[in-house]
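Listed below are the structures to be examined.
Okay, so chain A shows up in both of these, paired with chain B first and chain C after.
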Partner chain A sequence: MTAGAIRISGRTWAAALLWGLAARFAVLMLVVLAVFILPRLLPGDPLGIMLSSDYTQNLSESELAELGARMGIAGSGAEQFGAWLGDLLRGNLGYSATHARPVATLLAECLPWTLLLILGAMPVYLVLAALAGIGAGRAAGGRFDRGLTGFVTILASIPPFVTAVLLMLGLAILWPVFPASGALPMLPSDQLVIRTGQIALHAILPVTALALHEFARFYYLARGEAAVLTHRPFVLNAVARGLPPCRLLAEYYGRNILPTFVARLSDSVSGLVSAVVIIEIVFSYPGIGGLIYGAILDRDYTLLQGATIAVAAGLLALNWLIDAAGTALAGRG
Partner chain B sequence: MLFGLAAGLLLLLVAQPLMPAYRSSRDVLTAPGREHLLGTNDIGQDVLTGLLYATPNTVLMALAAATVATATALIVAGAAAAAGATTRNMILRLVDALQVMPSILVLLFIGTLMQPGLAGLALLLGLTSWHEDVRVALAMLRRELQRENVRFARHMGASRTYCLRRHVLPAIRPALAALYLQNIRQVTLRAAGLAFLGLTDPRLLTWGGMMQDAMEHLYTPAWLWLLLPPALALTAFLLIILLLIENDPAGARA
Partner chain C sequence: MIRIRNLSLWQGDQAILRNISLEIACGETLGLIGPSGGGKTSLARMMLGIVPRMARWSGQIVVDGFDVLRAPARRLRSFRKHDAGMIVQALADSLNPHLTVGQHLHETGQDPHRVCLNFNIPVSLLPRLPRDLSGGEIQRVLTALALAKSPRLLLLDEPSAALDPANRDWARQRFAEGAGERAQLLISHDLELVRQLADRIAVMRAGELAGIGPAHVLDAPQHQCIHKFMAPATKPAFSLPSATPRQAETGGLVTSGICHMIGGQPLLRNISLQLPAGECLAVLGPSGSGKSTLAQILAGYITQPKGRIRWQDGSRPPRVALISQHPHRAMAAHFPVSEVLAEALRLAGDRPEAARIGPLLRDIGLPDTPEFRARRTADLSGGEAQRLVIARAIALHSDILVADEPTSALDPANRDQLLGLFNRLKRECDLALVLMTHDRLAAQAVADRIGYLKDGRLHPGWPND
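Here is the complex of A and B:
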């Protein structure tokens, strides 16, 4: 009987994963369709825009037709979509005219910078939010809690781009201790150690802005959990036994808060990406957000389309993997 | 607090014909003084006047977009509640997958192509943030639909619309109000970000757009009166909404 139960739960587990994959694929197809159709609803075509703005004007009919075919705007709508989708499936995201490079290459170059910001900020805000939240939640309603929660409430009301601009203004312009933009100085050093230091120096302000933005969310979470944990018998008992504070923090509060943090982390990915995009733009950081913004300013629709689809696909796949891992862990227990 | 906010907004709208025009002048980049209480920008427009004109745009747009988002979420949740288990599961899976998409990707893409004005922005933001509320709205609806007052009313021959209007909607109104406030907050943040990046109609005056104009003056003292007033207005508005959410007992439950 137990074997049967396990088999059924195994089957529903696989079905749930497949359903999740199908739904994510449907959303990706929606994105792909929107990204394909929306630019074509606009008056004028990319070729006309490109020729009217700059570049050479005296092209023959055959050259124009060839250029149109290369930009994927030759033939009927269905033909264009078929060709474009075929390219996408083969991993060809198109060719950026302004950068004179394939979109996929550009994305691959920008991704590490974005990951650096996200992975640099994540431990900072998670640890700080956990410590601050536990401290406030253990004595909920006390002076420390009221002061800190009031401060975090104000912090949570400042949009991420305002935080970024104020940080840049304060620590890069008025009191220039950090560089205001970019990921490397104009002439980066050849030596690995100095270069790493330069990268770190440039990353500090964007990472701080990102960490400040995400801090509030996890602070509230840790505070709420800690406020409940404080009144649980095993914690009361541990306090009465006179357990060392750091052990109490790590083994009693930390371990119990960890699962909620992990669950929230997978929910917060889309918000995190939104914040990192806008922060990269403020600091002219060469990550994916900066790349997308550059594409917007240059009206480089091929790059904009490719980047949008690639980021969407990457996030959907990542979220599905996290979900699968979570279900596997839950199914084990 | 909410009434005060609404009254102030109404006053601003009514007083708009009486306010001085937001026009350029020769007093370029003057510091705050008696003539211009908050100084002027790089084409001589008075910052305080601009702030007052931008307030109804920013706030009304947020209210409208939040209405669109909440209403869409309620309709989708209603459809899911009325549908069979398979359809409901499909809707929920789709909503989950939509939640993975960072709204900024879609907003950047559409904003670049369309440069939406007030109505377009409200619609765009509403239609890109409804999916976050569907699960909550569905849980509320199903809980209320299964209560005995609805069952009795249905048994006595009351129509579905009557039950919806007289039993379900009044019961979920407080929770809906909390969802609405959450949406206002989200939508304001996103709209300000979009305007800050210069992806809204350039003629539409908003706090985010004013901050975008101030970005060119970060290296001169003018940031003091060009950047800070709209940033403070935005933060104050978001703070008021956040305090309303936190003090709302229904919000704590939802």
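Here is the complex of A and C:
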């Protein structure tokens, strides 16, 4: 009701933090269980998929059994789960037979590329959406607002894989200014500067597709918040004091929109990750999305389990941190 | 220096200002008085070129040859930044909730520490966010922000309502100092302040200038309108003796050991108080002494890890209502007036019929018309919003009413009506009333017990200042 009516004392805040952590740990445990059961409901198993190609046909029974044990599919379901959970608790994510490498190594190679896309897109769409949304919301109903909101509404109704395909078609195939796939050219340069340039060039299209996907969500948010802020007394007072436009934008609108942005970010990161998976597949980007997709096709249980758990743990940790920051900001009124 | 010609402002079909013409010369202070909701604040905002969106206007405002309403944005901003200053009443939300006092004062382009010394702001407030400031502290920050640039045009919109007596004197001196070099418009319900500062006085009601004349009209009001505004000479209910002392107490508020910290500093230490039902405790004290915080604790908005707040006899939990110091913040901006009251009636278990809303509005001195009932709370003036919040609290039929500066935005006539209403509620409804105020007269009129906050403790009796 009044300013600062709800104040969060240090102790209850710490308690809420711990409680949030415990809740997220419980969710992670559910993910661990689901990620073990779900792939096994798919038709076929890793061994079967491998044997469907002809050069492994002449393996003996004992060789097949040994291979199955290495893939983690020997014994009953409960035994498999026990063995896998034991490994997991020791920090061992298992061994991928398809890639013939430990899952942890594969993840370490792919995660940076996915993070590059996410961390590249995040500032782009957050800043652009805030600027555009504030501009439109300050004069809600005006010409700028009507034009931009109409455009964003169309943008918001296009699913990310379509945007990705359209971008690729337009800027990589019909007018090939950007590379269509991969994160690096066939023969990457050895020089750091050139190599960084090549990475950036390859990342532009996927990052754009990802940013466009999230832009609409945050544009609407910023526009709505700004329309309300325009009528709040402290903004009127600041206008009456003749503050420079950039200060008004950053310190008055920006700072006051931040808590809602943070709150929305915490529930939109999971959507961001599912979008990144699709975009990586479209652009054949060597990130974790392509890895998971391949693992599903190959019925590579260990890799699928390891990758999903790594993504889920990362998401939950991020979600926890963002929520904590959001609670701290919201207390300011 | 300022010339306003035939200024009118409409919002939808409603005329907010009608055909206003007035002039303020350099070195002159014009006092603008009138009942709340009359368009005084809208006029002051228009003088800075701030026109509400979706509103139509006509007329002209010229400041030193500069046409405020038709100026390009860049020139207008420079005018607001360098030439004009406006001090508004410190309602919540007057300052950016995400900037500290220091960051606000930095906007003046001067050293925040020096501004603090100049404007009677303790340096310890610099790192605080507005949520940890009292009404009086916010008011002084607003004053500093407007006065630090030495404006040629100073608009004062209830500049002292949130201040305690000592700071009010200080503020009055600041407004008098240098008044010779600037044009001042003073909007206030505090007729004493208007009398001391204004050279001429204008009365405004319902968007029209009802009269304008030299300051001594206040001493012998001729105009019927001024007369009416200046509170009836006889004060009904105001001077009524409080109820006969109760023999069998029906209950009461008992608290012990209330403590509160702000930024590691204790604000309230170990506060204990007792208040029987049907009595009023007035809590006074300088600004920043913790009155609003105590009000929020008593109303249960801030949890108390150690202290205890009990309702004696204990057979049922008491119903507590808080009248917030910041009425606009305390109501949903999109609610119509009738919905605000209907919601409170539903909460109290009554049926929210129109017939029940009418008496609530009339008791508090608000117009009971269909147009007023349909108005959004965001469009109410400061005084109207304050009275609506009070009416809402009364509709709850609470056992304890905690009123935080309920009279700060009211004109004298409304204030007397409110105090009379408080006295009646105490008598008839056995209400335990806790009144946080700077207003000694109000305290005198309704309080059975007086206390003041100093250094975090509640002392009995009047503060000696």
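What we mean here is this: the second predicted complex is superposed on the first by the 282 of 333 C-alpha atoms of A that agree within 3 Å, B and C clash if a C-alpha of one lies under 4 Å from a C-alpha of the other, contacts with A are read in each partner's own complex, and residues count from 1 in each chain.
Convention: a contact is a pair of C-beta atoms (placed from the backbone, for glycine too) under 8 Å apart; a residue touches a chain by one contact, two chains touch by 3 or more.
A quick note: this is a predicted structure, and the numbers were derived from the prediction, not measured.
Asker: After superposing on the shared chain, does chain C or chain B touch more chain A residues?
Answerer: B
Asker: Report for A:Val31: first if it touches chain B alone, second if chain C alone, otherwise both or neither.
Answerer: Touch partner of A:Val31: chain B, not chain C.
Asker: Please work out whether A:Ala312 is in contact with chain B alone, chain C alone, both, or neither, and reply first, second, both or neither.
Answerer: In the superposition, A:Ala312 contacts chain B only.
Asker: Is A:Ser274 in contact with chain B, with chain C, with both, or with neither (first, second, both, neither)?
Answerer: first
Asker: Should A:Ile296 be classified as contacting the first partner (chain B), the second (chain C), both, or neither?
Answerer: Touch partner of A:Ile296: chain B, not chain C.
Asker: For A:Pro185, using the defined touch cut-off, is the partner it touches chain B, chain C, both, or neither? Pick first, second, both or neither.
Answerer: Touch status of A:Pro185: no partner.
Asker: So, does A:Pro233 touch the first partner chain B, the second partner chain C, both, or neither?
Answerer: A:Pro233 sits against chain C, while chain B stays out of touch.
Asker: Quick check on the output: what are the common chain A residues between the chain B footprint and the chain C footprint?
Answerer: Common to the two interfaces on chain A: nothing.
Asker: Once bound in the complex, which stretches of chain A touch chain C?
Answerer: 1-7, 9, 11, 139, 141, 230-234, 236-245, 247, 251-252, 255-256, 258, 329, 331-333
Asker: Mind listing the chain C positions that touch chain A in their complex?
Answerer: Chain C reaches chain A through residues 45, 48, 50, 53-54, 76-82, 84-86, 88, 91-99, 103, 107, 129-132, 142, 145-146, 292, 296, 301-303, 305, 322, 324-326, 328-330, 333, 378.
Asker: Can you name the residues of chain A that touch chain B in the complex?
Answerer: Contacts found on chain A: 19-20, 22-24, 26-27, 31, 34-35, 38-39, 41-42, 153-154, 156-162, 165-166, 168-169, 173, 267, 269-271, 273-274, 277-278, 281, 292-293, 296, 299, 304, 308, 311-312, 315-316, 319.
Asker: How about chain B: which of its residues touch chain A in the complex?
Answerer: 89-90, 93-94, 96-106, 108-110, 112-113, 189, 192-193, 196-197, 199, 211, 215, 218-219, 223, 227, 231, 234-236, 238-239, 242-243, 246
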